[in-house]
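The structures considered in this document are given below.
What follows is subunit A paired twice: with subunit B in the first complex and subunit C in the second.
This part shows the complex of A and B:
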């Protein structure tokens, strides 16, 4: 944690003291006097030192080019045109949630006579956790970054004069409210109680900080089109980016995907005329899922997007979860 | 922003300390005060170390002791027996009063729960003393308002952690009074051990 000296002196001994923004109490290191800061409480402000060099940011981006379903010739054809660091502001908060969630789950079983029964299994789950939350405190434009992943590293404000810094544009109160909502959501997800009969959750915001974090922006061209990536100035990890896809991968995917998905779906339809079990329905749903993923890859595969962009198609995992929900609904109706 | 030296609101003695604390204690007149939107004296007491306290570094841990009224409107427990919280409270089965102990220092979540439940279930008996006698005290972090909310967590925890599965509990918990209690502990390799 860095300290920001505000050029104050101890009112008791006159010694120079540095005040951590956000604290309302401090101890004078010279005379042990307890000092109290009157006025509105601020926010702890921390800046991480930029460790990554320009060459390092380019090297990380070029390694990123070779991963995943990006164009195979990107490493040879891509040309870096612009590389620069920026400081982005983030809110970071720690919130404790204490409470209980009670309720039940439903277990279905079929008896010897083929009748389906629903059994309630009561559950009580305690929640007593601290949750870290971060969100960007400004409009980052189309950088694809909305929160921080890394919270450790050397801190200091030495780079502030040399690196352009985005001003924070969102307020403290809004950040606290969002961190509380986030903590409650995560507390609910941490327990598996689908049917809730009693919920008593108490939320305690514990610390709020403003973190200035160094990010490298790398812009590059590929076949006369511009793309970009952002690289973490502390860890060197690529945080977000846009890259060209590969038409060959798209073609292979549409060929293989439609074949497999179509066969599975057809098998499901044929089996449904022969048996009354759930197997045909499962085969049909898997086939539909494969076809859907194939379509998504073909539709969006011309550009590979990683990060939290505003206009980004849902990831494969999110798409499958949506498909799973739909499948469960169909299954319920089928029963 | 203005920095002022903290002085005792009773005798005006400067408060000297080695650590940041929510509460400011005057070593001269033993007044404890807090500055949450204004200076306010805090009602507190200090428990005496037991004669049989184990060896180790001694320290005082602050707790909020909340005197609470508890009224049960309805309840439901699956697989358990009758409502058990009644055994901890004084009064009828549907309500009464109890002391709830909420650790005021900054503990990890499991230590917090253990200390809160242990002292609430077995309300400690102790002799009091007027000062800390040079024994280190842990700084307090929890405000009175936070302690009131945490008291709610403690009573539901006491009920839920007994046999049976709590399903519904419609109740009201009213904090009638609060006091800071510094309880004696000894720091051992296995953690903090009460020294009452």
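This part shows the complex of A and C:
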């Protein structure tokens, strides 16, 4: 197997040199030659120190049990069976976006004769921002984590050998591409130009590094079933988790949803016999929306899922946005 | 841990799966580990034990789309521990690094066709590696059959054994298989007994319709509507509680 190891020498003087992963230049300590490193040189790697203790991770999870619509007896019945820290790899990239976005906004106003006018207000916005992007560098499996929320903390490789370190299994360049498109869309959102006519944006990838981030995995049982949560080893925040739901909350939700939704729908129907406007239809829509949201919780609330899991039923927020869009369409049809 | 000979002093130097540069502990020279021409064997430890795997299955089986009481009524027929082989290729294609995964074993087990190495702690797999009694499934597809067809220049290629629990269960006289990834706890299933949404939909629709009618009735007689609404609240709550508890 000796052919796989390559001894590194200064090509100028033959002296032994020392390369840190991710560096692209170095200076020979013997002859002061500046050397450029070619080929697979890796990426610079940072590890955050795990400052949360085992008891801390358990305490955070237990607090999390009592928040939200989880089973009421979870704090009494739940039993933590396993707690261990892992290091998860993340790509972190910093990208600078510079350029101009030009366009206009529309302003509507009604004059004294009751006519509506649309006025175009031209806009010209400069963009010069650095954006941080992170993405997990492996398949997240069932951990419910896909990106980092915290980028600060004490760094060091002190406990690196004691904690299982998950390997990076996704390519570097895919992460760079995604960080670029993420930076562009965030730059666009940072300026409020609703109608863009001209856009000149330049993207400069600045630094890519690999971050090993400490995360505690807590597995606990509830009525013979195993659930889990993950706790940030730096900030102590619960990042993701699965927990049992409670049938009481599910049935309360659907009772509230059918009553409020049904009464709103009734109000809409009654109003539609009295007036001709969009209000009855909007009332009906909101009624149906309330029913839909509470139904989702009724149907899927037996397991409470927090975090970026695969196969997660669409969240309430997404349903709300869908509802808002439908309402706008209806109002548009009325105009 | 694997070891290589230091190219300067021939002393053994140990390294692990993710290492790119190592320092010889004897002569202090820096060594780059070039994996482009060799094939490595990696494996990952079991982070989920048997009891945990069964518990994870029960949690999965209690999910809202699974058949009623599947978590309690499923009879577990067998639980086995395996190392499943997958090829991992790291290559530079047109100046870009790509990671490609290919199966190293033909299988009918669920989840193992999706071709990924789950979040895990890779170790060099050699004689010293402790498989903890798991059956190591040998690859039946050659690495070379993939290598020739892959684009770009090799950076690294490896055979990765990843730890899985295979669990067979019987429900309503039918046998089903699930695979549980033993490092990150993901559950894979090709087919499972499902539970329809009918009962949930009926409760929601009937309740909604009843409240709508009672709301309209309130125009005629407030008291009658109010008493009917009180009855409906009780009715919907009882029915939905029964459905949610899967009685």
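Remarks
Here is the rule we use: the second predicted complex is superposed on the first by the 277 of 335 C-alpha atoms of A that agree within 3 Å, B and C clash if a C-alpha of one lies under 4 Å from a C-alpha of the other, contacts with A are read in each partner's own complex, and residues count from 1 in each chain.
FYI, a contact is a pair of C-beta atoms (placed from the backbone, for glycine too) under 8 Å apart; a residue touches a chain by one contact, two chains touch by 3 or more.
Keep in mind the model is a prediction, meaning the values are calculated, not measured.
By the touch criterion defined above, A:262 lies against subunit C but remains apart from subunit B after alignment on the C-alpha atoms of chain A. In the superposition on chain A, contact is made by A:122 with subunit B only, not with subunit C. Once chain A of one complex is fitted onto chain A of the other, the partner contacts of A:202 are limited to subunit B, with no touch recorded for subunit C.
In the superposed model, more residues of subunit A are touched by C than by the other of subunit B and subunit C. Once the two complexes are overlaid on the shared chain, A:8 sits against subunit B and subunit C alike.
Once the two complexes are laid over each other on the shared chain, residue contacts for A:295 go to subunit C alone; subunit B is not touched. Once chain A of one complex is fitted onto chain A of the other, the partner contacts of A:19 extend to both subunit B and subunit C.
In the superposition on chain A, A:88 makes contact with subunit C only, while subunit B stays out of contact range. In the superposition on chain A, A:33 makes contact with subunit B only, while subunit C stays out of contact range. In the superposition on chain A, the residues of subunit A contacted by subunit B and by subunit C overlap at 6, 8, 17, 19, 42.
Of all the residues in subunit B, the ones that touch subunit A in their complex are 1-6, 14-22, 24, 35, 76, 78-79, 109-110, 112-113, 146, 149-150, 152-153, 156-157, 160-161, 165-169. The part of subunit C that touches subunit A in the complex is made up of residues 4-8, 13, 17-18, 20-21, 23, 28-38, 45, 47-48, 51-52, 54-56, 58-59, 62-64, 71, 88, 90, 92, 96-99, 116-122, 155, 181, 183-187, 197, 200-201, 203-204, 207-216, 218-219, 229, 232-233, 236-237, 240-241, 243-245. On the subunit A side of its complex with subunit C, the touching residues are 1-8, 16-21, 40-42, 81-82, 84, 86, 88, 136, 138-143, 164-174, 217, 219, 221, 224-228, 242, 244, 247-248, 250-252, 254-255, 257-259, 261-263, 265-267, 269-270, 287, 291, 294-295, 298-303, 310.
The touching residues of subunit A, counted against subunit B in their complex, run 6, 8, 10-12, 17, 19, 23-27, 31-39, 42, 96, 98-100, 102-104, 122-124, 126, 128-130, 197-198, 200, 202, 204.
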